[in-house]
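Sharing a structure below in structure tokens format, with a few things to ask.
For reference, chains read A, B, C and D in written order, and residue numbers begin at 1 within each chain.
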């Protein structure tokens, strides 16, 4: 079963710049994570952008849609900042009907000891293999339909509407 | 959606005894892992035993079956040593038909930096929510039907027969 | 041999705020670090402030001086942001002559996987036990006299003048 | 200031073999640790053996003595299993008088999340730079003279006689 993983950035892949104390993006940790997971899935990882999702534009979302539509795989995982995950999910859901698309992210960068990202990736890969066509968000151990989820800004938890 | 998690030990939960240099079991790390995952699933964790799966007896497997059958939840995750995971899966599959049971484990203890356990748990929780009734093994990013899987002793990888 | 450890903040103790993606201070990790080090030294840990050293004022430095002078221990370790470590060292050196004072910090927060902080603390505790009275900075595996050190802003490395 | 680091194995460098669940030695982590420490010390790392110190023979100790004596550096750090650290220290002390030799180790392997090894290395490097000629053991945040130390087998703590 083939899965394509698109990287867009977000907390997931942030790193600490020790010279100025700010968080920044270098390269995605996905290949390292898949290796540590001892994954034998047939996966292709493509980095589309490395940005904070608060900075994601309509053009960025068009690019993601375009790439998802044109990828040969029917099963897609997208790593994404949590703040605007639901916006991208909506754009994808309106345009793509014939794929299973799971968007996931992390509350803590993978490189920081206590990240939830590795667990979330495990869940997203599993949901991509088993859920019917549609667009889903995988966070907090669960999957949510794209049109029935929001991030609670106060708690950081994803919940149904 | 309610999930019951049964702990049986295995590499997953092993720790290092600094006084004699041997690996041993103390308590399960599952609650700590679910917290780190920011899971909002309705989960109940029960420790049935804390043993190396090479030491698991027929009686131990009977106990696991009994507990799975009598748990009110329809969705079950079992953490288990990888060496005899498939044996327990077979015993469960012969006796229980009306639940989704996902057995998972780890090649490296969760407490050691490079464990695959957190990813595997994320996958197992996801598969438990989405797969139809049956008994499955979740390792290497994938799920396997109980009767079509073996652990390759040489590589440590789970593969189809 | 008694050592007093004063906490002033700095990268050492920073944590990641998962709700707004910024770094912040909660509590010092020193007690946890000493326990992990299995330290049997007679140490007292006191938090004086929890700030980024770029924000440290003259008043803050007066407070540190006051606390160092009035502590019964002759051997002092101070955790401090790296950016203005040398300024605090100078203030201390001008006022206190009868103690061994070792200032240390970290380039990466202790809570992030790849921190240098634990190594630096081991060195600072050792230098405090063995160096003669004076004010020193312990970074990059070395100790520097307070009047012969600067942080190279470009590389993040401490070097002699 | 030049420091030579000799590797002999011990818990410090042990790794987990995921195929048979046993601990084993691959390569030393010292270079990786020095890099993470951002050390700018002039260090040379030499692996003499990779063994459990309970298996160290008289010949092994002769080899260590020989290498220490013939190294151009006056300051030596040796990583070593904790169980027989004091025996090696005695052999070295009887034969070598004109160097500062600091033996250190770890109660938990460096590769396991909660190791004391990185702290101990920071201390050992610092003691090697500051202590007079002699043979010392660096554990639990302290240094001990070779002839006034034992490992308490019950607690795992090093203490004076």
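Assume a contact is a pair of C-beta atoms (placed from the backbone, for glycine too) under 8 Å apart; a residue touches a chain by one contact, two chains touch by 3 or more.
As the structure is a computational prediction, the values presented were derived from the model and not from experiment.
Participant: Any idea how many Å lie between the Cα centroids of chain A and chain D?
Facilitator: Whole-Å distance between the two chain centres: 44.
Participant: Whole-Å distance, chain A centre to chain B centre, using C-alpha means?
Facilitator: That gives a centre separation of 26 Å.
Participant: Give me the residue numbers in chain B that touch at least two other chains, ranges are fine.
Facilitator: 107, 113-114, 156
Participant: Draw the chains as points, connect those that touch, then say whether the picture is a line, ring, star, complete or other.
Facilitator: Here the contact pattern is a ring, one closed loop where every chain has two partners.
Participant: Determine which chains touch and list them pairwise.
Facilitator: A-B, A-C, B-D, C-D
Participant: Which stretch or stretches of chain A touch chain C in the complex?
Facilitator: 11, 14, 16, 18-19, 21, 23, 52, 107-109, 111-114, 153-154, 156
Participant: In their shared complex, at which residues does chain C touch chain D?
Facilitator: Checking each residue of chain C against chain D gives 1, 33-34, 36-41, 107, 114, 116, 118-127, 129-131, 138-143, 156-159.
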